[in-house]
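Before anything else, here is the set of structures, which you'll find just below.
Two complexes follow with subunit A in common, the first pairing it with subunit B and the second with subunit C.
Entry: the complex of A and B
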């Protein structure tokens, strides 16, 4: 009996409501549909236009540098040191400095990221680390270079050297690696963490056997992209790495410091009357740096997707 | 990893019980007995009598200010299946997550009262919450296999607890657990394939096998069949009935027929309180509490 009265009430309310709700044939619904179609079209046009606006200059830059770079490519330019008018010593310097900063930044960044993602909980210390790291990521790289100059070159007395440049660049890479590591580990779903916890896994075992492996493609992508950013940096290196006319002799104590690829282009920009030779070398160095960046991006994008498991 | 050892493993028939080699008859079926190197044992300091298997006394649980369990007291006997029923939000999941201390790290979670397993208070200082999980396994509502191979899924527990000395022993544990979960025949040819390629029902049975591989005494199941199709559901149900020979099982379920099929006894929870508990047939045929009756008729809101 109770049930039937309840049913009657629902029925009567529903009939009144039904008259108020416009059906799909209602002119109001139809006109709103037309308006939404127009909206959709306008948004499509706007987004496509902005894509072209972004892509065109980028394609233009790529084309120009690839064209000029390939024009000036030659065996002596790639194999001779700077003193003899080649880029070999600067290529070696770029790899030395970037390699050094990678060796320093990767272990600290990855371990720190694991700490932030798995062990920190909601501690204030972790919040502080995140905040400082985000601020560091926003510090202009020329400021970083100045700090590196004061701290490593002068205070530690390393002079203009690969070590001073590498450590300064490591500070540039560190926040990036830290956050990508944290974020990729956090992406591992809660259900998997709970399943492992329910089997009696400690946090260290969880990281070791599951989350780190599952997050590895993301972590490696972050590392590779930060390496490509580091290779293309000039500002932090100007007053820490110096420049040199020959192959790097070691980590510190080389006369003048260490030469690197971006320095060639920087010197060319400062040169009021560049010879054709200087100009060619500058374009070639820019082309090489772009190729490294593109290569690293391709590896990060397509190579790592294959080993991804999540 | 060499999975080729599996098809080759052909133990000799023993004359004693009709089961091959080092496989012994337990009940109606054969099962593998494995000498385990390093079973983590909690040397129990007894706070309470040994029986029942699980004794819950005056258990209160809170999330922040909200109380989700009120003065819950329950006994769970050894080798029984206890079904926990009740409307959504009545505290069923909280209750079973307390039994293996999964809720310890949840922000805002508090608990008072005692939970004793075989006479030992699991919230006492002597009990390590990580080790407790080797005694009390858990199967979740949605199948959650690790995105790694089927073999590695089952081997995960034995590996983290170092339950074996040789690769061969691990193979035996994996095979035994998969057989107990009724999955061995379906997956024995593709143990190295990613577990996510299995169907939902197979994934859930894999999760059960994974939980069994660490040899728990108690198995907690949180609506283990609610995300599965009817065919897989009945397989999981058969499995639960099978498991009660060797394990104490606690099953949370919404499905009355399912509880009737698998459970020996049933506890009915409403708004955090146990309103009725008893042998399964009694509760389904003659519910004493009007709330239980309303719930089973589908009119409890």
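Entry: the complex of A and C
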């Protein structure tokens, strides 16, 4: 009984509705359609404008530093150490520090990522690790710099050194490598895991011979991008790496620590009257940093996507 | 069989132990900062959060001892100016960046043809990867002089009736920092919101189109509600980035007049930029109180950014969508 009355009601409402809906020739409909078309067009213009507004300063940054950087590029600037007015020692320092942090962060991050992707299941512990690493990714780099200063420079007594800077940067890279490794391994299709299980492979065999290899391009992408982040960082190194004017002599114990590319800007900032040479070096180092970042990004996003089988 | 199970077990617990290193690191970070900031926590107490005066080295200071901890007489450590500058510059950045980023995300997912959208998305991700110090240097050599010499005198002259725009023009200041931070967070907000907007099921969109909705109506009524959490999350991540940004702000911050800002032309000392510029002075204080106070500043910044990131993480379950989409947040 109830059902049939309900049906009747719906039907009657539907009929009333149909009567209320104006036909498309109704002037109200035509004017509202015009208004909606205009609205749509305005939004199209606005979104395009916002893109242009944002791309303009970004294009200005790219153009200006490429132009001024290429202008100030010269063999002495690239081959002489900072004491003689070149960038060679800073370039060497940047690669040394970034290399050290990569060597430290990659094994920890990749093994940890394998755990999160393959062995963790739904454990509370893994959820905590994920949560903490996502939060760690948002810790400001200057805070990491202060921690590196306290722990490595003061308490461990390494002083301003490549090692102190490298380990501090490793803290910065670790969360990215951890999470991107996990995500890349998780992307491996279930069918591959099922096939391996059907053939009787152990979990260790599955991980080592299949999922890790298939996920490798993705893992490398994450590693490369985090290296690019590390190379461009300044704040974690300010109070850990130092300001040496010559080539790094070793991991610790060099007088003045190690100089690096981004340091140029900090000194530039503190220098009230930079000379033309100092300005040229700053532009050149901006150009180099930009090229490293863009080069690594292109290799990571384009090159590795090509060779990925999944 | 037993062997392989043993091997798997070793593998599992070994990698689990390694992944735990991140927990050790975060605990170590917090413990170290609290340990090093302890003298300041004890001596400065609530004064630290209610005072706007940061005067580590008053003239003719003598070493005094409070609760067994040495400090300089007449010194004052207050976080208010730095906290205000941090919040205001980030707020300006978000106000400018959010509409622009959403515009870009809508353009990329709804308006632009695929042939155009793909290279623009790629460019945006590339720009998110450019070091912040480069943006800072650009701000230092291009943006600040332009604002200080052209834009701000003009604004102060013609728009003085608008609050926060009245003269005097002291430095490129807050406006420069806000603009620069906006430019830096746009790629973050835009690329994350775009990812979430692109995940809208095509059936929903097609259905709406079949009912005669315009593109904007589809966006407003289907896509934006569907991607709401992702968009909000991306804004919070952008906020986190702006709050913690160090070098870019330090490079446009002007000549450190430490007062609470009352116009857009005030020089900025955000917590992060002040930290970057000040640790070198810590040796000037023989009692070590300045270093302890700087560590307390680091704790304040850490608490703020961790809170923001925890909220972001709760809103969007997954911060990183894929290995190709990592941005420094």
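Here, the second predicted complex is superposed on the first by the 260 of 310 C-alpha atoms of A that agree within 3 Å, B and C clash if a C-alpha of one lies under 4 Å from a C-alpha of the other, contacts with A are read in each partner's own complex, and residues count from 1 in each chain.
What we mean here is this: a contact is a pair of C-beta atoms (placed from the backbone, for glycine too) under 8 Å apart; a residue touches a chain by one contact, two chains touch by 3 or more.
The structure presented is a predicted model; accordingly, all values stated were derived computationally and were not measured.
Superimposing the complexes on subunit A yields a three-chain arrangement in which subunit B and subunit C fit side by side. Once the two complexes are laid over each other on the shared chain, residue contacts for A:98 go to neither subunit B nor subunit C. One of subunit B and subunit C touches more residues of subunit A, and that partner is C. In the superposition on chain A, A:210 makes contact with subunit B only, while subunit C stays out of contact range. Looking at the shared chain after the overlay, A:122 reaches subunit B, while subunit C stays out of its contact range.
Touch criterion met: A:146 reaches subunit C, while subunit B stays clear of it. In the superposed pair of complexes, A:173 makes contact with neither subunit B nor subunit C.
Contacts of A:163 after superposition: neither subunit B nor subunit C is touched.
Applying the stated contact rule after C-alpha superposition, one finds that A:197 touches subunit B and leaves subunit C untouched.
Minimum Cα separation between subunit B and subunit C in the superposed model: 6 Å.
Taken together, the two complexes place residues 202, 205 of subunit A in contact with subunit B and also with subunit C. Per the touch definition, subunit C reaches subunit A in the complex via residues 4-5, 7-8, 11-12, 14-16, 18-23, 25-26, 28-29, 32-33, 36, 99-104, 106-107, 110-111, 120, 122-123, 125-127, 129-138, 140, 142-143, 183, 186, 190, 214-217, 219, 237, 240-241, 243-247, 250-251, 272, 275-276, 279-280, 294-295, 298, 301-302, 305-306, 308-310, 312-313, 319-320, 322-324, 326, 328-329. Of all the residues in subunit A, the ones that touch subunit C in their complex are 36-37, 39-40, 43-44, 46-51, 53-55, 57-58, 60-61, 64-65, 107-108, 111-116, 118-120, 125-126, 128-129, 131-147, 149-151, 171, 174-176, 178-181, 183-184, 187, 202-205, 207, 218-219, 221-222, 225-226, 228-229, 231-235, 238-239, 262, 265-266, 268-269, 282, 286, 289-290, 293-294, 296-298, 300-301, 305. The part of subunit A that touches subunit B in the complex is made up of residues 122, 189, 191-192, 194-202, 205, 209-210, 213-214, 309-310. Touching subunit A in their complex are the following residues of subunit B: 40, 100, 102, 107, 130-134, 137-138, 140, 142, 144-148, 156-157, 159-161, 194, 207, 210-211, 214.
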